[in-house]
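I've put the structures underneath this note.
Paired with chain B in one complex and with chain C in the other, chain A is shared by the two complexes that follow.
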Partner chain A sequence: MKSGGINMMSRRRFLILAGAATAGAILTPQISAKTQFVESPEEVESNRRWAMAVDVDKCTECMEELIAKTGDEKVKPPCVVACDKENNVPEFEEKRFDPQWMRIAKLKLEKPVNAKEFYIPLMCNHCENPPCVQVCLTKASFKRPDGIVEIDMHRCIGCRYCMIACPYGARSFNFRDPREGLKEVNPNVQMRTEGVVEKCTFCVHRIDDAIAKGEEPIPACVEACHKYGKGALVFGNLKDPNSEISKILRENIVVQLRANLGTDPHVFYTKLGGE
Partner chain B sequence: MYHKQYVIPLILIFLAGFFTPYWYNAMAESFGYVPEMKKPAGECVENKDWMAANHMLLLQQWRTQAIRHGAEGGRIYHSSTTGLEYHASTNTCWECHESKEEFCDQCHDYVGIHPECWDCHYTPSIEKPHYQGTDTLSKFFS
Partner chain C sequence: MAVEFKKIEGDSIQYIALVIILAVATGAGFYAYILDHEIGGLNGLSNRVPWGIVNAGIPYFIGLSAGSLIVSALAGVFNIKKYKVFSRIAAYMAAAWIIAAILSIALDIGKLYHFMNAVRYFNLTSIFSWNAFLYSSYFVICSIYLLVQFEEMERATRFMAGLAVFWAVLVHSGTGAIYSFMYSKELYHSALTPPMFIVCAITSGLGLLLANLYFTFKFTNRELDPSLIRGLGLIFAGLMMVLGYFLAVEGLEKGYIPGLHEAVQFVFLNPGTGVFWSFWLLVVFGIAIPIVIILYPKTGYDLRWISVAGILHAALVFAERFYLIVPGQVFPEEYLHGYELKSLHTLEGYVVSYTPTIFEWLQVIGLVAMVYLVYVVGVKLFALIPERAVEEVVEE
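On to the complex of A and B.
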């Protein structure tokens, strides 16, 4: 603008400034404190990858002993009870409403000779390429940089796409208020509500706690398995070559469930098939 | 002015109604009900006025920290009032605020809102025994 020699503000600039001033007045100041990260996601990804190894022989032995002792085919072994109590997993009489984070499956190996029955624990496999995360509409399901697949219950709308996508049937839906089915409460783990999906988290609260303290994390099922069972479950860090689980994976033939799907599950079964 | 005898009283009634919040609040101290909250046992993470206005913002940030940044060790909340560090968890709140009924519910019931936080999250008013760790399972398995 050349008129009058006065430095007038252009209309464009005036509108931008006015807009910014209005926005500044309307938007309330948000939280100023910043999250302090101990590590970056890239560092976590290169340092830690949680996985579990199951010794099927020991698991079968423990289950057979327990069934012989109680005479109940559907008895819950220490790992499952510990998981339910640790993670506030409710128990309902009616099985179709009953959420399960970990369950024991009975398999039959049908060979002409040496036909064998064995028991394996089934839980969330914490896949490297989790199909449940791909299909989640609200990005409630996500994979942490340390490999744990977690659900943000605040975002879960209960559409159950993830339950259909999961090839392992690891997820359960809360058809009822889970509080009705709880006898004890663990304050460190949130309960769930009606209408969200839940599954095993590898006891993520224990892992975060242990990492913050610089200890070795151990999920509730593994702890109970070593205390009351035969020590069939081993949990550890795959990125650490000296960890117990890395050794097991090096020295054994391990089986992943439905590996042909390309999900790369991280629960490994050793001695599956009786070898 | 036409119909003075109707118009002026109606204007007065309208104004009385229009300014209800002002005179109601002015009278609330002496006649009405003001929610009374139990004094917490310790210092809050931020100052009291900021917390009264923005506690949901804080909880939202804690939620993001706890769920999304747990792997990166991002559950540390750095207070901008006291400069201290806190663990981002609702259980941190319960360390000072011992009762939900005597603190949270006082205001929330008064203004008629029902946050869904406690549908899932633990509160001290849940009258169920606490789980004490895997050692207590020895009663089931020997």
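On to the complex of A and C.
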């Protein structure tokens, strides 16, 4: 009788514990990288759409000067250096798994003899229809109402499907812990670990900070480009008709990379070939 | 009862040795995984080729599972009584292969302890997300199907067989779509992939099953009627031809597009890469030679030769997975059409190479060994194989 009572108790306790464990597993509030907006998502969507414009002519000029000065074909220009430093992008010897949020590429038309070489920066295009968000198993990759495509590092399982889906090679996988490849750490930017995917965020921390203070946001690369480079990069809000980027898009023929895919990338290249 | 299923004794030295060998190979696979993740970067992957052979294991194992299940359900769905003798063993293998496939995902992802996120959060637009649901439900269906067979529930078996075939087709088409719907990679993008996956699943599942039957019956001294195998062999050969046809159509279509000439040349005509070999070894040793073996009368009735054909084909279907997954990654995409683009700081714009390392091979081999370990132990624990498999058995 007594032992039966104990059994009953322990069974009940077991059921309660099992139930609590199940509820805990299902209902735990998730740590989320999603920013809490003061405005509603609809308000944000109608007020802001971040984008970048690249003046290829100026970018090429800057790179040519830099290469001539250093004699290094693979020199990292101020924008890339600033990006690496701002966002804790590590530097690894082995190129195959060295993450790179922003990088410079050399462009050349194959047709003419001695074709001129142009330089353009490559980064996440923060597409309107991002394939990475479309394929992400867990919705770890998501698009904010202001157009920025971000990754929730707590949710990412590291399957790398987004890397396969991204048409712009914008994503890097952390084969190693990024801290192994960092000399100094910027505490304002979330530190990633081994086994997740990372990419350019348009310096989302700076944007949120600036918006909260009522200032104009400026990503690290754009800041460095204007300070030390030729001012080829322009960042701004497409929903603001008076912003510089809106003006550039109004007055120039702009090129989006792989526009035929319908992803509607939001990094626009202008002055290709100099005007 | 027409067919008598019986457990094996499993107390011979050879049996114990086989169990130990398989267990060691399985253990080595998991150890390779631990090393790869503890030290980091021991694989041949890169930011340009983030999916390698451990990832290729996912569609490969699912294919073997789906194929095995479809063969098993042949007896139930179409009421072909003579194939009922194989239905248990095939359904059991199907369940074992799907475990390997799910483990392959687990070994491949970067953050294992985030794995449950794939179940907890569902992204309607992600094909992989759908598949996470399909794979787990598929395993449940396999298990129930096996259970109703053990309980000899005739009607339930037929119903489950039908459901299992439908689910296997769904699961494996979904797996094909994971890759082939990727519009960012022109070498991936093909609507032919999902149907090709179904054909490939049946051929590889069947091929391995034929070899499996031969060796199991041989080592347990049971009777296996070659004329029973002949029917399966002909289905095997016929579907391999269909697979070859699909591959040819797909390759020719890609080759017809001027924008892809360079890529197509790289894939099919450049013997310096694993991509080239994966395709041509598949065509010659994985399709042509097995078809000849089955159709040539001297070898087509010989169980040993049929086993060789089965193993050759099933092994080279892994090369087919390599050919599916790797070329689209190693060959650079054009970011701005007409322009040659080369990154200064990454490997973008370059043809990159991917050579799987021993650590990756050990993981794939480990999973295969695990499946056979589950099988070898299974035939001792459950009544999976019939005492004799001959045509007359079921005629009564």
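The rule is short, and it goes like this: the second predicted complex is superposed on the first by the 230 of 275 C-alpha atoms of A that agree within 3 Å, B and C clash if a C-alpha of one lies under 4 Å from a C-alpha of the other, contacts with A are read in each partner's own complex, and residues count from 1 in each chain.
Please note the rule applied: contacts are C-beta pairs under 8 Å (C-beta built on N, C-alpha and C of every residue); 3 or more make two chains touch, one makes a residue touch a chain.
Just so we're clear, the structure is a prediction, and the values are computed from it rather than from any experiment.
Asker: Considering only the touch criterion stated at the top, classify A:Tyr161 as touching first (chain B), second (chain C), both, or neither.
Answerer: Only chain C is touched by A:Tyr161; chain B is not.
Asker: By the touch definition at the top of the document, which applies to A:Asn242: first (chain B), second (chain C), both, or neither?
Answerer: Once the two structures are laid over each other on A, A:Asn242 reaches no partner at all.
Asker: Does chain B (first) or chain C (second) touch A:Pro78, or do both, or does neither?
Answerer: The answer is first: A:Pro78 touches chain B but not chain C.
Asker: Regarding the shared-chain residue A:Asn114, is it in contact with chain B (first), chain C (second), both, or neither?
Answerer: neither
Asker: More residues of chain A are touched by which chain, chain B or chain C?
Answerer: Between chain B and chain C, C touches the greater number of residues in chain A.
Asker: Looking at the overlay, does A:Ala220 come into contact with chain B only (first), chain C only (second), both, or neither?
Answerer: The answer is first: A:Ala220 touches chain B but not chain C.
Asker: Once the shared chain is lined up, is A:Glu184 touching chain B (first), chain C (second), both, or neither of them?
Answerer: first
Asker: On chain A, what residues does chain B touch that chain C touches as well?
Answerer: The answer is residues 154, 193 of chain A.
Asker: Okay, in this complex, where on chain B does chain A touch?
Answerer: Touching chain A from chain B are residues 54, 57-58, 61, 63-65, 67-80, 85, 91, 116, 119-122, 126, 128-131, 134, 137-138, 140-142.
Asker: Where on chain A is chain B touching in the complex?
Answerer: 30-41, 43-44, 48, 78, 81-82, 85-86, 142, 144-146, 148, 150, 152-154, 182-188, 190-193, 204, 208, 211-212, 220, 223-224, 227-229
Asker: What residues of chain A sit close enough to touch chain C in their complex?
Answerer: 25-26, 73-76, 80, 94-100, 103-110, 122, 131, 133-140, 154-161, 163-169, 171-177, 193-197, 255, 257-258, 260-261, 269
Asker: For chain C, which residues are in contact with chain A within the complex?
Answerer: 37, 40-41, 45-48, 50-51, 105, 108-112, 114-118, 120-121, 123, 125-129, 132, 178, 182-185, 188, 328-329, 333-349, 352
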